[in-house]
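Listed below are the structures to be examined.
Two complexes come next, and they have one chain in common, chain A, joined by chain B in the first and chain C in the second.
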Partner chain A sequence: MTDTLEHGGTRRSGTVPRTLGFVARKLGGAAVSLGLVAVLGFFLFRVLPGDPARTMTRSAPVSAEQLAQLRHRFGLDQPLYAQFRDFLGNLARGDLGTSYTYNRPVTELIGERLGPTVLLVGTATVLAVLLGLWLGTRAAWRHGTATDRWFTSVGLTLWSVPTFWLGLLLLMAFGVGVGPLPGLFPVAGMSSPDVPPGVLPRVLDVAHHMVLPCVTLVAVIHAQFMMVMRSSLLEEMGAEYLTTARAKGLRDDAVRRGHAVPNALLPTVTLVFLHLGMVVAGAITVETVFSWPGLGLLTYEALRVPDLPLLQGTFIVLASSVIVMNTLAELLYRVLDPRVRA
Partner chain B sequence: MTWNPTGWFFLDTYREGVITMRVSAVGVRTARPRAAVLLSLLVVALLAPSAPFAHTGTAQTRHDRAAADGEVTLRVGIQQEFDSLNPFLGFSLAATDVFRLIYPTLTTYAPEDFSVMPELATEWTSSPDKLTWTFRIRKGVSWSDGEPVTAADVVYTFERMMNDPAAATANGNYVDNFAEVHAPDARTVVIRTETPQATMRSIAVPIVPEHVWSGVDDVAGFANQRMPVVGSGPFVATEYRPQQYLTLEANEDFWRGPPTVDRLRFVNFENSDAAVQALRKGDIDVARELTPAQFDALDGARDIERVRGKGRRFYEIVLNPGATNSAGSPIGTGHPALRDVRVRRAIDHAVNRAELVDRVLGGYGTVGAGYLPPIFRRYYWSPPEEQRRSFSIEAANRALDEAGYPRGPDGIRRGPSGKPLDFEFVLHGDSATDALVGEFVKEWLARTGIRVRLLPVSDNQVNQRTTAGDFDMVVSGWSVNPDPDYVLRLQTCGARPDPGGGGLPDSFLCDRRYDELYRRQLTEFDESERVETVKRAQRRFHEMATGLILFYPNALEAYRADRFSGFLRQPAERGVITAQQGYWGYYRAEPTERARTAGGGGGYRSAALALGGALLLGGLVVAAVTVHRRRTAEHRE
Partner chain C sequence: MTTGGPSADVRARRPSALAEGWRAYRNERGGVFGLAVLVLVVLLALSAPLLTDPAGLDVTRVEEAPLRPPGAGHWLGTDESGRSVLLLTWWGARVSLLVGSCAAALSMVIGTLVGVTAAHFGGWTDTVLLRLTDFFLVLPALVLAIALSTVLSRGVFTIVLAIGVTSWPQTARLVRAQTLTVQTRPYVERARALGGGHRHVLGRHVLPAVLPLVFATTTLTVASAIIAESTLSFLGLGDPSRISWGAMLKSAMDTGAVTAGAWWYLFPPGLGIAVVVLAFTLCGRSLETVLNPRLRGEGR
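Up next is the complex of A and B:
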């Protein structure tokens, strides 16, 4: 870090073009990845066995003419390259096709489910990151002590617990109530139908519904942030600059917060951003347990049918969100860590 | 919410990271109290919304149960998303259940015994040649927007299905045989069919209002989600949140009289355990599609009544009798030995149905016999003693020995060509029932010298393999309508796939005698004659042994006995509450006095306001303290 300050002056002249080049490179890479995702999204699901036209009719008796009609309506009677060309054209216009099962535009369906997922998984991720960082810092600072062992073992136990099982357990204990404990939280959905009008009651109602799924998610995922934070802080623990700081007479807390943590935080950023990409993908199991109307559930249903346009659509949206988040992380890295800029 | 302060914490730490060289000044701040504040904030933020509800929980629940004094909402938990609310497109069980509630049909099925009874049509007659049907439309019925329901609406609905392929998606098979539909006056509909059709009295097509639907150009792209949906059934759909709930209000002007409840709500659950827990808690009034384990666990639960109804479904193993397409050319990969009816019958001997019902269904089912399930008493047929193939491994072995399938050195029997009896058994990969049935059957057949290889695949692949004839044995099953024509047709030559795809075969039984019986029942207008013919068709199906009917699973439901004292079940004897062939269960629910008199809400609002206030105040205090701290710290720098 001192390096940057010392050499900063000599390199200043080249910084702007270098930065632009860097940004351009990263954005270009992301664009290529997105293109590959679009191609992959198209071909990947066409490998799935099954005739889409028959999928659409499920168990209804249909004549060959009706099947032909369906194939024509969804463009399935055309050769693969023509379908691909149409697919790319539509994609460019933001049209992801029509779902076989729901008979509605895929973009509309995804739009409907995106909000709830981002709300739930986003909130849970923010909380898990905060909790994980905080616990990880404490555990590393006092490594080897009972606190460390306690945090680590609880975190790892929750991490290895099946999400479905933990969710159902919480649902029974806090949703339905056990013994004298009344059911405190709703067991399903994200809103009640009979909420009085007004913004505040609605917000509170959603928050109320969100508690159990959110707690489940945080309990399960916080361990990874904690462990990464713990190990990267442990690496810093022996560093000489900490000794220097202590020698200046700083209190232990100040050394940790002001010196050790900021340096140890960098590896965690990667993980956080990787995880942010997953936010959109949602948590299929949690959404299933708590009947949360999210995107994870939609993807799962689409896969079961299989509903090709819907699968394609969700695949592209999910993969893109990971790519966008990763690109963002790389760009942000440069801002956050002077060493990357060097 | 209060995420801002915590989010700020994260960024702030970062800023400090970049300016590490200035730490000597930053170190002045005390870290521990702030961390503690943040942690407690986190905990509060996570758990706080529940706190007031803990105290006012009953008030909130009460509010949910009765929005105003005396109003009753019947809440039904469902585990399937509506595939579409457009009656021309949706045909999932959940969707058709709703269509019966909001759209009229010409006729309906009586709750007692599934006999056909008047609905929108008050009476009907057929011409002597049975090709022309005249329906008289009920007077004084109106759509929920006030327009009258006329013969023109009926004609419009059928014609749309006949002319617009997209509109034929869900119920097209009903109009396949229609030559022409017209309305000589506002109260009369005349339908002419190509060939005589005994099922004309049970056309379960939802009739839609012409004045609404004539404005819909693209049926395939129309979601029909503009609330309230214009209909004419006992309920009107008023609020829909995809994957969450659908609310229907009672139609006070319904011609049969308003329903007994004021509101009906279908609540989505993505897993049946959550639905059961919601029932226990009292969040819903009826849970359906319970597993035997869930049903058993609810035994003795407080305020919960269980309903074990006879199911409409049969579950069978199809043995490929040498599949052919509609042109008569052989298709698929069926094992040649299965073309021998003696082998098929021997396999039937080796299947222990009683044990399957016991071990696979937990006892909640009826041992399979005839093609049609016993819930339809009139058509039910079970083989008489002398034709019954009771479970006996010895009998199976004897039959195979006599038929000329000796065991090879490895114990596996050989066919005339020397090909071992080695069968591929296709199963639905995500079905626990299929997996269990597969294991049992494999075990039993192994004792008769037949090897079975289990092949669990996706539903889609099961369908595709079935249509292509690419199987030796496959699990199949159908929900049967009160009129058996639909499932009976599955076994005819006409159900075989066209060379270009299409068609919906079941067991590829293409038998002249069966087809003759099928044709006769379809054109037989004398009720008892038709029943007799249907029974003879079932007998022929049993003789040919292409489909081994294993069992008819029970429909398991449960409801809150503190809120509802009963439901009109269909049929009267061991019937079901939900997913009936009609709207009776929901329409004639019997709320208890307690459900009616439960007090109104209000608790929720005050609780919510108190909580909101508390949160806002807490947030302000925390913000003030933090800002003060920061100021102080910066001062010291």
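Up next is the complex of A and C:
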């Protein structure tokens, strides 16, 4: 780093403070957003319900005494500002309160469910991005042809399908089986109880369970990435540097891969991260349909009661992780795009 | 718009502008197809009480066997309590369309207000509003909508509110950008120089120029609002007293229609959502192509 600085001379020394300022501004923005998430979490689950104790017990009859006990347990008998102060203090220490149904710390419950969700959502996002970018590139490069029209129509149709419905259909067709055909994939959960010991069988078992939820997510999500990549590449199509590249005698493939795609990729990267919230939304319903033991299923179980402390916890964790990922993307964008960096 | 009707001159020009827009729209094959589907679905939804007997929706008054495959009398089979799936799907369209359009309208109003205010007043107002918009843009909208509809009392109004207040950021960004562009045009400058106040400049010059594109975006918002409505209903957060496509799929899942292989119960509501959402998407994209000169004639 010092080496480049010395060689870069005066122009470099002006760039570094500016980059630092940019990083500081982005981090500051993210900090404000995280603060807003905390305030929103408190407002949504403590202030808006009026009486959270009554909301949580609305499906079962309870006596006034039990209600009072419940209010005391969750600190709801304190004045609102004291509740907010305690809430922020606990949050700073990583304490998200106690679940009403499980009677266990919310952080512990979320910690257990985080792994499966990261595995499912991570795999699905990577696959959806790769598939979407590849299809989008092909559609744009042949734009106006039958290939393009076909990709675009399939993409738009899949985009219009509710994720959970596609999940239910796949579950019926490939999990339960149709008519004489047996089910090819497990219908629920993440692992079977009768797996032989050893790492490889267990990995294969989880992968087997993950096929249907993953295919569902990829099918719906990739469409958005495809459309973005397609229009982003179309913007580049008329550019003069492509004509130059062709005039140099480069083959069509080399022009696409070496010149057009890298430039079209940049706006797509931002949009991919901007749509992470959508992936999270898809994960909630897909995990519900396939009983995948992740944060989405935990949210679904919590909202049926409703278990407000647990819902508050999943809300804060899901919202914060999306904000953190977006901030990372913005910083990464700066590194990737020389036009922004300069 | 707030300062009274347009001048006679504008009024004379408007029909021809509309006709011209329609001529351009007619060239968009997808848009025309989507519009035709929408007209058909809306007519069917509106005519449901006239053409069918709502008594068939009452669980206590059915005589059919539960989960019966399609056959004579029940073209689409029956649900877990013996009601006709065709009848349920027909009536379910009403809630989906109603909630989708109301939520999109709410989101349009919020988005337009925020966007125009930010761009027109600038300075600190702009900074704060833009920051807020970016915050809500990144926040997973469905997670927020779930939170809202869990803590508020169940009902159509809650769903509309939950979707409306979570889906406005895109509109706000678009309106802000458009307003900034429109404001630099000479006629707005002229209006200001002649002493036009905020109300006059916004109502007479900025909003009329921005609204067509807002209309196109709102059409696309209806599509995502219908998906959001069905998702919330599927999670059990909808209005329990009304039939909706999402709620039908929820009961299908809860009562084991999937394991029973009752495809006739799963297909109609999901297809309904997909067709309506696709129709709104096609219309919205075509409107964007027609109204956004940058996209016109480039086959995007």
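The rule is simple: the second predicted complex is superposed on the first by the 299 of 342 C-alpha atoms of A that agree within 3 Å, B and C clash if a C-alpha of one lies under 4 Å from a C-alpha of the other, contacts with A are read in each partner's own complex, and residues count from 1 in each chain.
Rule of thumb we're sticking to: a contact is a pair of C-beta atoms (placed from the backbone, for glycine too) under 8 Å apart; a residue touches a chain by one contact, two chains touch by 3 or more.
Bear in mind the structure is a predicted one, so any value in this text is a computation, not a measurement.
Asks: Now for A:86: first (chain B), second (chain C), both, or neither, which partner does it touch?
Replies: A:86 contacts neither chain B nor chain C.
Asks: Regarding the shared-chain residue A:159, is it in contact with chain B (first), chain C (second), both, or neither?
Replies: After superposing on A, A:159 lies in contact with chain C but is clear of chain B.
Asks: Check the residue A:168 against both partner chains and state whether it touches chain B (first), chain C (second), both, or neither.
Replies: both
Asks: Applying the document's definition of touch, where does A:178 land relative to chain B and chain C: first, second, both, or neither?
Replies: In the superposed model, A:178 contacts chain C only, not chain B.
Asks: Spot which of chain B and chain C makes contact with more residues of chain A, would you?
Replies: If we count touched residues of chain A for both partners, the winner is B.
Asks: Is A:261 touching anything from chain B or chain C once the two structures are fitted on A? First, second, both or neither.
Replies: In the superposition, A:261 touches chain B alone.
Asks: Identify the partner contact of A:95: answer first if only chain B is touched, second if only chain C is, both if each is, neither if none is.
Replies: neither
Asks: For A:36, is the partner it touches chain B (first), chain C (second), both, or none of the two (neither)?
Replies: In the superposition, A:36 contacts chain C only.
Asks: Quick check on the superposed pair: does A:77 touch chain B, chain C, both, or neither? Answer first, second, both or neither.
Replies: neither
Asks: Quick check on my understanding: which residues of chain A belong to both its chain B contact set and its chain C contact set?
Replies: 48-49, 55, 168, 171-172, 175-177, 187, 288-289, 304, 306
Asks: Give the list of chain A residues in touch with chain C in this complex.
Replies: Those in contact with chain C are residues 29, 32-33, 36-37, 40, 44-45, 48-49, 55, 143-144, 156-157, 159-166, 168-169, 171-172, 175-179, 187, 231, 234, 274, 276-278, 280-281, 284-285, 288-289, 299-300, 303-304, 306, 308, 311, 314-315, 318-319, 322-323, 326.
Asks: Within the complex, which stretch of chain A touches chain B?
Replies: Residues 1-2, 5, 48-51, 53-55, 57-69, 73, 98, 101-105, 112-113, 123, 126-127, 129-131, 133-134, 168, 171-172, 174-177, 182-196, 200-201, 203-205, 207-208, 211, 214-215, 218, 245, 248, 250-251, 253-259, 261-263, 265, 287-293, 297, 301, 304-306, 336, 338 of chain A touch chain B in their complex.
Asks: Once bound in the complex, which stretches of chain B touch chain A?
Replies: 1, 3, 6-7, 9-10, 13-14, 16-18, 20-21, 23-24, 26-32, 35, 38-39, 42, 46-47, 49-50, 53-54, 57, 63-64, 67, 81, 83-84, 86, 89, 91, 165-166, 168-170, 172-173, 220-221, 223, 239, 241-245, 247, 265, 267-271, 273-275, 277-278, 280-281, 283, 430, 458-461, 463-464, 467, 478, 489, 495, 498, 500-504, 601, 604-605, 608-609, 611-612
Asks: In their complex, what parts of chain C are in touch with chain A?
Replies: Per the stated touch rule, the residues are 131, 134-135, 137-144, 146-148, 150-152, 223, 227, 230-231, 234-237, 246, 249, 252-253, 258-259, 261, 263, 266, 269-270, 273-275, 277-278, 281-282, 298-300.
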